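Several structures are given next for inspection.
Two complexes, one shared chain (subunit A), two partners (subunit B, subunit C).
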Partner chain A sequence: MIKGYPRLLLFVLVTIVLLWGLDRLLFGLTSNGALGLYQYRVFILIPLLYITLAVSLNLINGITGQFSLGHAGFFAIGAYLSAGFSKFYASQWLAGMPPSMQGVMQIVFLLIALLIGGIAAALAGLLIGAPTLRLKGDYLAIATLGFGEIIRIMFENANTFGGPRGFTDLPQWTGFGFFWYALVAVGCIAVCRNLLQSAHGLAFLSVREDEVAAESMGINTTRYKVMAFILGAAFAGIAGSLLSHYEGSIYPNGFNLDVSIMIVAMVVLGGQGSITGAVLAGAGLKMLEEALRFLPEFSLFGRTFQPLDLRYLVFALVLILTMIFRQQGLLGHREFGWKTIGIGKRSKVEANG
Partner chain B sequence: MSALLELRQVKMRFGGLYAVNDLSFQIQPGELLGLIGPNGAGKTTVFNVITGVYTPTEGSVSLNGEVISKMKPYQITERGIARTFQNIRLFGALSVLENVMIGAFARHRTALAGALMRSPAVVLEDASLREQSMRLLSTFDLLSVAHARSRDLPYGLQRRLEIARALATQPKLLLLDEPAAGMNPQESEELMHLIRRLRDEMGQTVLLIEHDMKVVMGICERVLVMDYGVLIAQGAPEVIRKDPKVIEAYLGEPV
Partner chain C sequence: MVYGVLRMINFAHGEVYMAGAYVAYLAVEGDWFGVRTQPAWWNVTLMVLCAMVFCMLLGVLIERLAYKPVRKASRLIALITAIGVSYLLQNVALLIFGASPKYAIVELSAPATQEAAVTGFRISTGQAILLITTIIFMVLLRIIVQYTRFGRGMRAVSQDMQAASLMGVPSDRVIMGTFALGAALAGAGGAMTAAFVGNQIFPLFGFMPGVKAFVSAVLGGIGNIPGAVLGGLLLGVIEALVGGNPTLTGYRDAVAFFVLIAVLLFRPAGLLGKSVQEKV
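Moving on to the complex of A and B:
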């Protein structure tokens, strides 16, 4: 058994090769028409993005127990600032380079853009986290909700970023997209899983369970809350950078309160604190939303409804049913993994259940 | 001999009320000390002042000569004071082992960034924290429930787990807030033996609040008595139980 950093490196390499292979496979399927580009986008790409968003919010809401309603704000910061870097600077630099180097440098610049999105959002997480984490429960939720809206309105009024008309003509460096979207999702899941496997993760959990007891166990609860915000925000920021570098255009309305609420709904539905729960609910809710587009429209009380218009009604229903029949969410605090289906020995997490 | 813990003229005021008034006492290393008094005498407030939950209005608390009365609770735990709570405060959704590991985590050395990548140092440290915690669980006879959710434990075991978790932080001074509360006679008998053993075998210094006089008089070498925020007597159990002021304020009749 290989251990330590060689194992980490091997994991990274195998992941990259596997995802690249899958990327090419999907690309082949879409180019010969077996898979519609639209279906690929709404049933694979966007769910992957929301897996990253749900898993990263789970770190704040589920694992550390800090109810945040501002995840769309971090998402927006990552999307706008990374796109700003690529559009205003990196693409100019790229244009001045010899054509033979442009292919490689585009990947380098994309990586830098993702990093910028992540770091900018992490800084925002620190900025919002430090003063508001004295608040608890509903008050924190309201403060973070306000933060998310401020960010959106800020971009709506920033002419550099296109204002309400949207930030358009952005470099689409993620290309086909699957590889990068999946890489970020896998990275986010791996980081959260590593954290939860170590004693450091227990420190985050202890903050959720009982702050007074955590402090008396030597845990600097403020530090861990801020760290959760920084980490969660960083991944939301990277997800934002992916979006802007795939779509080529972004709009302030794509980062409104509905988005934040949807991500919270995913975490609650999946089971607060469960990574696999967030993955399943993140992908599931987004696919459900898109599936509604394919239902026929219908008339009720003399009005015609598109099923998609009723999506928030459907989500609300899903959440209400969860609250009634399964308050702990689909997976509760548990994880679904190899060990659940009988491969390897039972882990400590399941033994709790 | 220099004192492990020293309180100097500590006053804790809430509005117009002094919950603790001009309290001074010392704890020597290796001592097993009891703190008694009627309800509302300010005993738990003393614990909260020592552990940094409250900052005293006046006066100072020092541990090994270092003033700790302005520090945060986690800093005080790092310096070597651990406590249990009158109303049990376990990490309910987590397992018994995980509860103790969080205590042991107080002495961790690895950085958070390492944990995100699962670095070799973190893997090694996790294994050692786990082993340490398992040893404590076996001392406390909790091994068989190591993977049970702590919320599901019977009351007596929850109290015992809280002591194990506090000890996992490797404290120089252990504060127990009514460890025998709600226990049946047999359970409190076992608890007495356990606390005695901690002191005798590990040299653990203990300060405990307790209403069960059998426990206090049975194991403590020195007893402090508080009433209305003031220390009214201190001394050996035999002296305390004959002290007219203590009988008047708390004991009611000679025990």
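Moving on to the complex of A and C:
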């Protein structure tokens, strides 16, 4: 058995090769018409993005037991700042390079843009997390909600970024998209999973279970809360960078409170603290939302509705009903992994809630 | 008030306020009691009463269906439920009435704007009525909380729900009553703001006022009534200053949040509040 860094490297390489293979397969399917480009986008790409968002919020809301309603804010920061880098700087640099280099450099710049998105959001997470995480429950929820709104309003007023008309004509460097979207989602899941199985992971869980007890065991609870916030924010920022580099245009309204609440609904439904739950609920709710588009119109109160108009109603109901009937969410704290189907040995760290 | 009794932010309070405003809209559209054709004070009072009754029922319904099942659970769960309820009501309103703003302005028989010569302030009749009614409601509320059996129950439950139950206070009923009372007041406020001040009614009608009320309360110090009044005034002034500044005007709605974060950072107990040491 290979151990340590070589093993990690092997995993990374295998993942990259697998995802690239899948990417080409899907590309083949869409180009010969077996899979509509629209269906591919709404049932594969966007759910992948929301898996990243839900898993990263799960780190804050589920695993560390805080309550953030401002995830869309980090998503926005990542999207806008990375797009700003690519549009205003990197694409100029790229244009000045010999054509043979451009293909490689585009990937390098995309990676840098993703990093910028992640780092900017992480810094914002630190900036907002360090003071507000002293707050509890309701206060934290409103403070983070406020933060999310401030970010949106700032981008709405920033003329450099197009203001309310949106930030458009961005370089679309992710191309077909699946490879990058999946890579980020898998990366986010892997980081969260490995974190949970480490000693740090136990510290995060202890903050959720009993802050006072955790502190008395010598755990710096504020530090772990801020760490969770930064890490969660960073992945949301990377997800934002992906969005702007795939869509080519972003709008402040795409990062409003509805988005934050939707991500919270995903985490709550999946089971706060369960990564698998966040993955399933993130993909499931997003696909459900898109599936509503295919239902026929209907009339109510003398007006005609698209079933899609009901989506926010669905999210609200998901929140309320989950809380009333199944507070632990679909999966509770359980995970679905290799050991569930009996492969591999049980890990020494067992999280129980 | 609900916060004081339950120690839980009722996110849906703003939405009940919105519901009151929509009742006023329906009343004016449908010309109930002749509020549109022959407005007189008793017609308008009936309209506001309608809004109050409707919102009271709505409040009780919310409490029974959504909050009661989760009352024993952790605060986080109650919080998520409250956010869910608030969001649900917003979207129900969006479905029923659509996103376009509605108006429910009642033209009162008195001239709409009178100049108060002494002070030089301009105040419309509608605003004056709103102010006077608010004061009346505040006095009534004070009487209920201080001098009635129900008010005593409310205070007992707010101090210690379990002990109150042991002493024979029907805490379930008291909590429901508190919700009903709070919702009725919110409904009256919504209906009057819509009808007399002429604010637009739209599904997010209650959201910002709700958040701003919370920010005022935090600014002044939670549970401190003079503090809440001071906080509200300060927030209003700051917002007007920012809104009046041409370069900052786009940030008007962000102000409340900036203030909130600043207060929580530098003086978490609020301006007039004392900090309470958390006991373990």
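We take it that the second predicted complex is superposed on the first by the 342 of 353 C-alpha atoms of A that agree within 3 Å, B and C clash if a C-alpha of one lies under 4 Å from a C-alpha of the other, contacts with A are read in each partner's own complex, and residues count from 1 in each chain.
In this section, a contact is a pair of C-beta atoms (placed from the backbone, for glycine too) under 8 Å apart; a residue touches a chain by one contact, two chains touch by 3 or more.
What you see is a predicted model, and the numbers here were worked out from it, not measured in a lab.
Q: Answer with first, second, both or neither: which of subunit B and subunit C does A:Gln327 touch in the superposed model?
A: second
Q: Based on the superposed arrangement, let me know which partner A:Leu319 touches: subunit B (first), subunit C (second), both, or neither?
A: second
Q: Just subunit B (first), just subunit C (second), both, or neither: which does A:Ser31 touch?
A: Neither partner.
Q: Going by the contact rule set out at the top, does A:Phe147 touch subunit B (first), subunit C (second), both, or neither?
A: In the superposition, A:Phe147 contacts subunit C only.
Q: Kindly classify A:Tyr139 by the partners it touches after superposition: subunit B alone (first), subunit C alone (second), both, or neither?
A: Touch status of A:Tyr139: second partner only.
Q: Is it subunit B or subunit C that touches the larger share of residues in subunit A?
A: For subunit A, the partner with the higher number of touched residues is C.
Q: Which partner does A:Thr160 contact after superposing on A: first (subunit B), second (subunit C), both, neither?
A: In the superposition, A:Thr160 touches no partner, neither subunit B nor subunit C.
Q: I'd like to know which partner A:Met217 touches here: subunit B for first, subunit C for second, both or neither.
A: first
Q: Let me check the overlay on chain A: which residues of subunit A are in contact with subunit B and also with subunit C?
A: Overlap of subunit B and subunit C footprints on subunit A: residues 212.
Q: Which residues, counting only subunit C, touch subunit A once they are in their complex?
A: 8-9, 66, 69-70, 73, 75-77, 79-81, 83-85, 87-88, 90-92, 94-96, 98, 211, 214, 218, 250-251, 253-254, 256-258, 260-261, 264-265, 268, 280
Q: In the complex, go through subunit A and note every residue touching subunit C.
A: Where subunit A meets subunit C, its residues are 65, 67, 69, 128, 131-132, 134-135, 137-139, 141-143, 145-147, 149-150, 153-154, 156-157, 212, 261, 264, 268, 300-301, 303, 305, 309-310, 312-313, 315-320, 323-324, 327.
Q: Show which residues of subunit A lie in contact with subunit B when the two form their complex.
A: 3-5, 8, 191, 194-195, 197-203, 205-206, 209-210, 212-221, 227, 231, 333, 348, 351-352
Q: Along subunit B, where are the residues that touch subunit A in the complex?
A: Where subunit B meets subunit A, its residues are 51, 53, 72-74, 77-78, 82-83, 85, 89-95, 97-98, 101-106, 108, 110, 112, 115-120, 122-123, 125-126, 129, 147-149, 165-166, 169.
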